[in-house]
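You will see two complexes here that share subunit A, one where it goes with subunit B and one where it goes with subunit C.
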Partner chain A sequence: MATSLELRTQPGTPVKHRRPGPPRRPRLSHVDVKYSPYLYIAPFFVLFAVFGAYPLVYTFWVSLHEWDLLAQEHPFVGLANYSALMSDSDFWNSVYNTLGIFVISTVPQLLLALWLANLLNRQLRARTFFRMGVLIPNITSTAAVAIVFGQLFSRDFGLINWALGLVGVGPIDWNASKLGSWIAISTMVDWRWTGYNALIFLAAMQAIPRDLYESASIDGARPARQFWSITVPMLRPTIIFCVIISTIGGLQLFTEPLLFNSGTNSIRGGPLRESQTMTMYMFENAFAPNYNFGYGAAVAWMLFALIVVVAIVNVLIIRRAARSS
Partner chain B sequence: MSGGLWKGTRLTYVALLLAGVMSVFPIYWMFVVATRSSDAMGQVPPPITPGGNLPGNLDRLFANADARFITGMINSAIVAGCVTVSVVFFSSLAGFAFAKLRFRGSNALLLVIIATMMVPTQLGVIPLYMLMTDLGWNDRLQAVIVPGLVTGFGVFMMRQYASQAVSNELIEAARVDGCSTFRVFRSVVAPALRPAAAVLGLLTFMTTWNDFLWPYAVLNDPENPTVQLSLRALSNGYYQDMSQVFTGTAIATLPLLVVFIIFGRQIIGGIMEGAVKA
Partner chain C sequence: MHVNSRGRRIAAVAVAVTTATLLAACGGDDGDSGSGDGPITLTVDVFGQFGYDDLYKQYEASHPNVKIVERGTGSNLDEYSPKLTQWLAAGKGAGDIVAIEEGLLVEYKANPGNFVNLLDHGAGELKSNFMEWKWSQGLTPDGKQLVGLGTDVGGMAMCYRKDLFEKAGLPTDREEVSKLWPTWQDYIKVGEQFKAKNTGAAFLDAATNTFNTIVLQEGGATGGYHYYDTSNNLVVDSNPAVKKAWDTTMDIIDSGLSGKYQAWSDDWVAAFKQAKFATIACPAWMTGVIEGNAGAGASGKWDIATVPGNGGNWGGSFLAVPKQSKHQAEAIELAKFLTSVQGQIGAFKAKGPLPSSPQALDDPAITGATSAYFSGAPTGKIFGAGAKSLKPVYMGPKNQAVRTEVENAVRTVELGQRSPTDGWTDAVNNAKKAADK
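Coming up: the complex of A and B.
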């Protein structure tokens, strides 16, 4: 870190005389150097305090109340919202959906990204072209993705059912079944994020010293073996980073399932809540149609707890896997 | 070449080309349907070339009173523009402070910033909504703009860049010449940060333009949507005119596509650089 500003003009040092005229208000300059850094970083902390930290803590406070939007009084009820959640089958359904969609989207996404990164790491012509190609889905908005894929997955006119029909698979009603809607939603997520993760893996791969591979190939290790015994272990921190980021993102899914289901049932994830995620359930309770902020806030905290638990479990699994390989 | 950088075989190109086609096809298909009549959806085999219905689709899209598409585009431009300018400015300033100035607690404060990047945004939606109600900002654009004015990601990214891209000697020389710290920032540091600021600006603009969840929560007035809410209103109607819907998604995506085609190399560089240092 720079020490430069500590070396700033001391009274009487020859350095000062390089400047013509009298020194400009040394007092102010001292105050400036000492305190202005706080001024420069203050906007972040002020905004985060008001719009980030405060809502976070306040969510917990709200979750301890019976907090109807339209009511005048908000009586304190302790953990009643949480205990009601425990016996709320719609809540557990949303947990089940969230975890299901998370698993069938994240696992293939990260494996595919690893494979793509490995391809992109070879000596290629038109490198930038391919990198832009895999990243292009990421610039599209989630809403647009959900709308376009919703149509691709439509039962009657969808391209995917048409393509499946060519190989003799009958039309699938993707909206009407749990597994069908999970697959459709996971496809949207994977399409949008695989290339992004691939670029992050690629960046980490390029930082692996090349002589590791050279000595391995002298020892007769084939590319596949090199990939699993050098690349993957060396990428461990990056893999953990991507797993955590996709855990946070994957467990909060909202836009894709909401827009995949249209009409009055969309916030419920279909008529039988086939693809309602926890965030959707939070919205359904906190905003229209229920306007029960206390209950919604309790769902939000359960979501946070789930994210923390899943992230920890993921990291433990990766640690163990990396050690055993 | 051996090891991780062995020569690209023909199979590598085929696989990458396939991945590229899978990536691009849904976007391409969106543009195809945007230029056709809604019959395109039901045709067997489906058409894969553009048609001549774009003007008609645009007319219906712009006239659609439920979607308020033009208002949505303008609102999104305002929101994304304000947020981008502000994030770039405040993140550069804070990044400069963390990278080049010495002050008590700087390391701890930087850690706090990194930690905030891990906090799920969904968690605070309910009280944030209540806060906006108290402020009287519901249904107004500042409810979307103000919480995004500076981000932990931005500060961290600019800090990483500033620590290696700005020379200490130059800062020192400016101080000796009697510059205040802000003057140092303006005349010496800001110009050096320009490449990173550009990438941060692009990424911020895209994320803000694409955001759905928070605008959906706080902008309930159908008269005053962002463009993503317009798309939602379009696709959620009882009668779905798919070519009109796809024209909307295509137009909402177009600005980002143009930015990506012009600055794709820098964006990719920014993402990859951020990843290695994170």
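Coming up: the complex of A and C.
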């Protein structure tokens, strides 16, 4: 088939040649091409600098001081807050709780989300209804969720202890036992975030080419085998994304455990700090009842460091797991 | 579509309202800072129930240029105090008048620069309107600055449910009930009788509330201090008053009388509604809490007897004017009005906080006051009786943090997580740690 270029270069047809050399453009457009992308992304970085980086640096500055929230003087103490933190058993307890709740909430949550997404990816009636439905828990307010679940897990008046009583299990004081409070709080977290992750997984699943599954079925692979050998490896980047997001959210857990422990000093997370997370410990120190802003800021920085470490570890694990499967 | 356009209009209104609120919040009260002839708005920050609504109306009627807004009604102290501290630290956000509970006042007094010195504004002449000790609590240690004017004091009593007492075959008349328990050991004996009848309810709500009552009684009766001595040394482990209160509380726990509810928790509130305990240590302000939690359905089922042991004081607040207020002069005037003899009587009538003013306590409006909710109990007489002879308890710099640790140790024993001996070790160690922070 003849292209227009060939047509034009037919012998006998006059051809108008362009002048050699690069096309001339106005100087302004050169500047435009070179710099305007930076301008377009600038709002994010400006906002980040103001609301992200500056508080981060300022928090670090605060953590180097003995900073009574109400005092006029804030003497510089160097790393004293950090060294005190290292030998603070209540701090390590909060780290332990945070990681514990994170693990028992996030692992089942992501597996459940994966399974849900896989179900939603099939031919269902009223697909959109179900797909939207899984997101509903996520748009309810955390406080409302925590209050409802707090009542479900109430020692004397809760539905769960009542049901356990029917099968002959004595009432469990969910607030005053470590595992009990962890489970109760993880349930709230899972209820809220499973659907959200499922939708992200679903979106990624739909981008997987159908013919992969078709050829797999022709080769005789059953759905379960297809799921583990095609779906999961193809979802690897999405899973990494969800793990990082869950890590950040999970390690900053605050509202659910706080509202789960109602009453005086709920910030302690139970009589023996059974479910006190790092953010709660930070708040307890920075605000009531200690008002020690410097110490609270040091906890905040340790939390930041922990999130970075855990996120990196997670990514490494998932990369390896996905590669080996 | 019909619904759609209406929905859109609602959304538009919502956005407009939100924006307006945000703008108003950001702008603070700059709009009315011109102290000229325009009306000004005074914001009063409180927690719990102060009973000021009628007083505001009176004041607004006599001061047409003033509008009063109250924030924080019904919120508990745990929610309120961090907010107040942040406002003070930020230099912005606090009301023109802020309420401060006595246990926290010591911490705020340590940095009096955050507050207007009321002595500079003629508050000195009001001294005789307040009980001696209540007045001095509002002063900085050097006596040069008056940080807050006293509102109420927490005279003690013991509230009980008549219906549960009847079920257990105990007397229900308040005179007779008071005679049952001159001491805490007697109280335990009554509790054991109550428990033997299996009413399905516990004898008391929470050991922490009882402990706090006893430690304030013991502290008041002995040296006038509990966790800190008057030179601000932490004496949790060496003050016999604290140990005695601890041991008495351990006896109560040991007898299995407590319902083990965490004070102020959702379960605690539910237990009021479902009549799950028969008695509760009852400072004057607690009557309002009981009424709120147990609800109108329990009206006439509660009554008030005297507290076992000596009299004592638990709680009570002050009104202060933060320096950041843009209407200091007007705020001081209002604070003076609310804490005046008439103001304190008005608050007592509305929500039950017991006046800190001797003149108010002598007023027939108080001495003759009864409460229909509490079976017509003469609340003014019961709470007012010991109030003027109250021996206050001195509170040291980290009082709130230390109190939290000791009460928490009580709770771990109550829940069976610690033995009384280990609980005491925890109480002392953790209190020391908290005091150092």
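Criterion: the second predicted complex is superposed on the first by the 273 of 325 C-alpha atoms of A that agree within 3 Å, B and C clash if a C-alpha of one lies under 4 Å from a C-alpha of the other, contacts with A are read in each partner's own complex, and residues count from 1 in each chain.
One rule holds for everything that comes next: a contact is a pair of C-beta atoms (placed from the backbone, for glycine too) under 8 Å apart; a residue touches a chain by one contact, two chains touch by 3 or more.
What you are looking at is a predicted structure, and each value in this text was computed from that prediction instead of being measured.
Trainee: For A:Phe157, decide between first (touching subunit B), second (touching subunit C), both and neither.
Mentor: both
Trainee: Have a look at where A:Tyr281 lands relative to subunit B and subunit C in the superposition and call it first, second, both or neither.
Mentor: After superposing on A, A:Tyr281 lies clear of both subunit B and subunit C.
Trainee: Touch check for A:Leu70: first (subunit B), second (subunit C), both, or neither?
Mentor: second
Trainee: After superposition on the shared chain, which partner residues are touched by A:Phe102: those of subunit B (first), subunit C (second), both, or neither?
Mentor: A:Phe102 contacts neither subunit B nor subunit C.
Trainee: After the superposition on A, what does A:Asn265 contact: first (subunit B), second (subunit C), both or neither?
Mentor: A:Asn265: touches subunit C, not subunit B.
Trainee: Quick one: is A:Ala176 in contact with subunit B, with subunit C, with both, or with neither? Answer first, second, both or neither.
Mentor: second
Trainee: Quick check for you: in the superposed arrangement, does A:Thr59 touch first (subunit B), second (subunit C), both or neither?
Mentor: first
Trainee: For A:Gly296, decide between first (touching subunit B), second (touching subunit C), both and neither.
Mentor: First partner only.
Trainee: Could you tell me which stretches of subunit A are touched by subunit B in one complex and by subunit C in the other?
Mentor: 147, 150-151, 154, 156-157, 262-263, 266, 283, 287, 293.
Trainee: In their shared complex, at which residues does subunit A touch subunit C?
Mentor: Counting only subunit A, the residues touching subunit C are 68-72, 147, 150-151, 154-157, 173, 175-176, 261-268, 271-272, 283, 285, 287-293, 295.
Trainee: Looking at the complex, which residues from subunit B come into contact with subunit A?
Mentor: Subunit B reaches subunit A through residues 1-9, 12-13, 15-16, 19-20, 22-24, 26-27, 29-30, 33, 41-42, 44-46, 90-91, 93-94, 96-103, 106, 109, 112-113, 116, 118-131, 146-147, 149-152, 155, 163, 168-169, 171-172, 175-178, 180-182, 185, 206, 209-210, 212-213, 217, 228, 231-232, 235-236, 238, 240, 242, 245-246, 249, 252-253, 256-257, 259-260, 264-265, 267-268, 271-273, 275-276, 278.
Trainee: Using the touch definition up top, name the residues of subunit A that touch subunit B in the complex.
Mentor: Where subunit A meets subunit B, its residues are 1-9, 15-16, 18-19, 23-24, 28-29, 32-38, 40-41, 43-45, 47-48, 50-52, 54-56, 58-59, 62, 116, 118-125, 128, 130-137, 139-145, 147-152, 154, 156-157, 159, 162, 191, 195-196, 199-200, 202-205, 207-208, 210, 212-214, 216-217, 223, 226-227, 230-231, 238, 241, 244, 248, 251-252, 254-255, 259, 262-263, 266, 279, 282-283, 286-287, 293, 296-297, 300-301, 303-304, 307.
Trainee: Which residues of subunit C touch subunit A once you look at their complex with the stated criterion?
Mentor: Result: residues 76, 78, 81-82, 85-86, 88-89, 107-108, 110-111, 113-114, 208, 261-268, 270-271, 274, 276, 398, 400-401, 404, 407-408, 411-412, 415, 417, 434, 437 of subunit C touch subunit A.
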